[in-house]
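One structure, as structure tokens, below. Some questions next.
Naming follows writing order (A, B, C and D), and every chain is counted from residue 1.
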Amino acid sequence: MTLRIAVAGASGYAGGEVLRLLLNHPGVLDGSIEIGALTAGGSAGTTLAAHHPNLLPLADRVLGETSPETLAGHDVVFLGLPHGHSATLAEQLPPSTLIIDCGADFRLNDSTAWEKFYGSPHAGTWPYGMPELPGARDKLRSATRIAVPGCYPTGTSLALAPAVAAGIIEPRITIVAVTGASGAGRSLRTDLLGAEVMGSARAYGVGGVHRHTPEITQNLQALTKQPVSVSFTPILAPMARGILATCVAPTTATAAEARDIYLAAYADEPFVHVLPEGQLPQTSAVVGSNAVHLSVHVDASAGTLVVVSAIDNLTKGTAGGAIQSMNIALGLPETAGLSTVGLAP
Amino acid sequence: MTLRIAVAGASGYAGGEVLRLLLNHPGVLDGSIEIGALTAGGSAGTTLAAHHPNLLPLADRVLGETSPETLAGHDVVFLGLPHGHSATLAEQLPPSTLIIDCGADFRLNDSTAWEKFYGSPHAGTWPYGMPELPGARDKLRSATRIAVPGCYPTGTSLALAPAVAAGIIEPRITIVAVTGASGAGRSLRTDLLGAEVMGSARAYGVGGVHRHTPEITQNLQALTKQPVSVSFTPILAPMARGILATCVAPTTATAAEARDIYLAAYADEPFVHVLPEGQLPQTSAVVGSNAVHLSVHVDASAGTLVVVSAIDNLTKGTAGGAIQSMNIALGLPETAGLSTVGLAP
Amino acid sequence: MTLRIAVAGASGYAGGEVLRLLLNHPGVLDGSIEIGALTAGGSAGTTLAAHHPNLLPLADRVLGETSPETLAGHDVVFLGLPHGHSATLAEQLPPSTLIIDCGADFRLNDSTAWEKFYGSPHAGTWPYGMPELPGARDKLRSATRIAVPGCYPTGTSLALAPAVAAGIIEPRITIVAVTGASGAGRSLRTDLLGAEVMGSARAYGVGGVHRHTPEITQNLQALTKQPVSVSFTPILAPMARGILATCVAPTTATAAEARDIYLAAYADEPFVHVLPEGQLPQTSAVVGSNAVHLSVHVDASAGTLVVVSAIDNLTKGTAGGAIQSMNIALGLPETAGLSTVGLAP
Amino acid sequence: MTLRIAVAGASGYAGGEVLRLLLNHPGVLDGSIEIGALTAGGSAGTTLAAHHPNLLPLADRVLGETSPETLAGHDVVFLGLPHGHSATLAEQLPPSTLIIDCGADFRLNDSTAWEKFYGSPHAGTWPYGMPELPGARDKLRSATRIAVPGCYPTGTSLALAPAVAAGIIEPRITIVAVTGASGAGRSLRTDLLGAEVMGSARAYGVGGVHRHTPEITQNLQALTKQPVSVSFTPILAPMARGILATCVAPTTATAAEARDIYLAAYADEPFVHVLPEGQLPQTSAVVGSNAVHLSVHVDASAGTLVVVSAIDNLTKGTAGGAIQSMNIALGLPETAGLSTVGLAP
């Protein structure tokens, strides 16, 4: 029996990346998975080639309107929609359809935090698509609704979870994360123009106001009884893809102790890789892949643990994490269609 | 009377930037300053055009050997040499010559810290070329030896000094600073090749081992009796110039209090600019200029002060700071030849 | 007496660059020139800092509406408006006002060519602001209306004019020119987003349809009686500024003959520089400056002359050329406020 | 039976890209192909992770010395060596070993052209690994020696071959091709440093002196009796990967005629794709893939055919072409392990 997959928001970066990965998925290659409806908002009626000239095998596909009708009759529906659009749509699809939401609508447990950061009523909470967090993988098995984590929460939660869970840091955490411009989506904003972005680094969402802050805190708070505080600063760097996150917190552990905890925590994880000592993460090494590269350091003089992580924001940070969760929910091999080999240089 | 200026290490980035700025200095434009000997190590005998095709008016100048002989007879000598080479050379020049060292040799007071981070005997300490630090400007007047600060210490010390001096933060400080590739100098290293650097962000010198760490600590420790700790992580981003530093420390101050302290501290400084609320630093806005752009934030939820600064690492971070100090030492207007107007886009 | 200068379209890249250069103009520095009204379309009412954070000395200026009223009372008015807007506005300003149009409206002589490429009625022809072309400088003296050349026509006409005028090439010319993203202006288009532009080169306007084609042809046709044909292809490269143009045409001249013609043609030009043999143009060497770097080659095997030129599209290619023309029209030194020193690296 | 593959020069970009593609090859995934010896010159003894941190599955592999001994016992040997090293090594390997040389040694037929451009004795000529050229595919079947084409010859020969073969152009051809920095290999040269490359475009090898010129000419001359001349100019742009080539020649054909010829020529080619009218090639759409994107234009006013092509210089331009040829020589499906889906953004 063939599984049919639809992608809503196929003209955006998240939708395009889901399709890029699906085209290399063994299920699509052997015909057991079929790429069905591709839909969009304002771009409905155009071909996919107009938005993603890299997706040659689907170049001539015409985008439909994003609606319950066009998405009906699919076993899996990926949503790459602006925040706030997923809830209404999801209600109109059958409960048995596996809906995988790349947006934020169903990520947060705390409706107060949701309303504070997103300014709209809270839609609810779905199983969270970060299988590497303690307990998360089980909740994804046979799930029919999945909330894909944000890109920053992916890179930073995986960088910090072992230390928080092991109690080797005081959970007053400082994070500075550098992202490529695709992290902002395909939004028409003057400050995202190439001429503005190239040759320049700039901060944004400084002072605890970035929407990913409560999501990071939620992920880490679940691992400890101590109150977690997160000071998070995102930086836009002149590159298309990638997140490099530097995560710092007070510790009294030694470098060897910290490293051992990370090696143990991720020993069985197919995508999270603690680099050999002396090697440091670089985003080019993970671009296009679902890999997470981590390095673990202790600054004995400052009394801090420093963990640096690199991910591709569109792959492991969005669409790759989404496919990984889909694989788990469908009972497929978790790594199907996902590579640990990045594109470099 | 004409003042003669020599630049040793003219083939490197620091030397080239000193020359770029001198070519626009009013003293050079009106003939009261003359650009004399340009010297190099392995590149002696080549023309300046081979190294700095942007410096058209000096294109045909032939580089001499860096030696006491070629540098003799100049009133001012800029040194843009690898660390460890300045001390020997300086001893062989007359005490009356104004020597401005863009290298690290004379920046640190603490010989233990020097030896730990640089692995060689400590040469001494010269007046420190960051006039915006409390008390520093006076020590530069009539100085004949000046140590130009490191690029990271410039961007970060100016971002933190007012908060430390005012006592509004607990001085356990986390700094993550993003730099352009020129910060590494013109060194032939595989990891600095364009194909490696472009499209990628990576950390280096993580865990308290970067040589600028003790210099930042020294600058801030001078402002408080509390012990200062600095956890510093440098990040290489795909751009040629610029440093964007994010500086975080625990605070109980309000955003308004913090902002007022910064506005007061820098009210009379010609190059340090606290941005209007809502505007955030971006390196493109300061590229090529001697300006420092700062934004000041309090993350009330995390209980932290966050200050973001942008500088051009080669201008304010090296050669611009050097010219600024030269102006002070020579009794010229401090801003002569230095712009607050960056090149953007 | 103080000269007052207004800039209409101050929120765009051309307007911003005019202001960046004016801030370093000796007339502004000594007070004989005053920067008056800054105006915009949709951005009227905002501060200049919101658009050009690099222009610190003018940060608090509020943009007025672009209208005859706000522009009245100025001696010089720069127009950085979308094509088609300059003619109406110019008619409403006094004939004695020096109007310098950075747009295309008054560049072409041939109304048929205008209508074919711009699709609107031809407004007329103004003296052309490329003083290095034969006869052009004289027409700019005491002019009160000046059409600033397009960026591609600047880099390519100066690369080809000596060869065409000397008759050493068969004027069937192929040009491929690589530009930075600021060449497209500050337009909100998906294909100009940083994530699209970085890491990618792409052609546009291929096949003789780019609007600068008739302008290049017009400049060169004026220099020869043979019919000139130009095959022009523009390429967008991942950089903010700069144009590197490769210009190729059949020749029987030797390399030495060709080089001598160029050296003679530009011997007295302050901004056009024929590089020494063996040195090739690179845009970083001219960024921020008004310099034009040229290299002249003969491919004896293919029987072609190849001239490569580098300019900054916003400086010599737009605002620098505009200031240079203003200086001539006002009887100021032609190079006032304009540098031949580029920002590199 | 398992096929064993060795890669000599595994620390370089070509060798790394061969390995990146092999890791995704169905033969490697199903165990019928085994990645054997990885060797290097100066880097022998280090791990692959030190050179290619993106190749996680092979991270711990230690590089051997490049020698006949380490390469013995393999069925296929890829050579990614500096020019001039392949011939000696090849002689010492069994005739039955399939040797695929990513270097230039065996590409040219004409020993005079070889000696002129490479300055060393000509080693000979091997079957040429560009199966899309007329007659080339058959020569690769059962070949045991294959010369992988140069990156520029790949992008440009495929862009021009149909027009030359059909006789619709006068074969006096002008080519300007923009490349990313990986095209220069992993050479330690000052002009390839990130700080030099970023924010800048520059020409190199201008005037018919680039070594790929005779190879392009050879490919096209084989298709016509008219004498072919090629004026080729390479441009370095600030990106890691990709070649965008603009190819221009006189024509009297119409756009429709030209387009039809290209559509027919490449109708059955799995990797060469003539874009729909109105869509233009961009390198980001082919990065990481083996696809060639072409657009075909006629500039009726200039009387020229303009063909623009985009490839990834490391994939289709080197390692992808090498794998494609290997597949043919081994009788595997030609597209095995090679994607037409690029990484964008």
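Quick note on the criterion: contacts are C-beta pairs under 8 Å (C-beta built on N, C-alpha and C of every residue); 3 or more make two chains touch, one makes a residue touch a chain.
Everything quoted here is computed from the prediction, not taken from an experiment.
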| item | value |
| --- | --- |
| Farthest-lying chain, centroid of Cα atoms versus that of subunit C | A |
| Pair sharing more residue contacts (C-beta pairs) when A-D is set against A-B | A-B |
| Reference interface B-C: repeating pair among A-D, A-C or B-D with over half of contacts shared | A-D |
| Inter-centroid spacing, subunit C versus subunit A (mean Cα positions, whole Å) | 44 |
| Inter-chain centre distance, subunit A versus subunit B - centres from mean C-alpha coordinates, in Å | 38 |
| Subunit D residues counted as touching two or more neighbouring chains | 13, 181-182, 195-196, 198-199, 238-241, 282, 284-285, 287, 344-345 |
| Interface residues, subunit C side, partner subunit A - complex | 13, 180-182, 184, 186, 188-190, 192-199, 238-241 |
| Subunit A residues within the subunit D interface of the complex | 13, 16, 20, 23-24, 49-50, 52-57, 59, 181-182, 198-199, 240-241, 273, 275-276, 279, 282, 284-289, 291, 293, 314, 339-345 |
| Contact footprint of subunit C on subunit D as seen in their complex | 172, 174, 176, 178, 195-196, 198-204, 206-208, 213, 229-233, 235, 237-242, 244, 246, 248, 250, 255, 280-285, 287, 295, 297-304, 306, 308, 310, 344-345 |
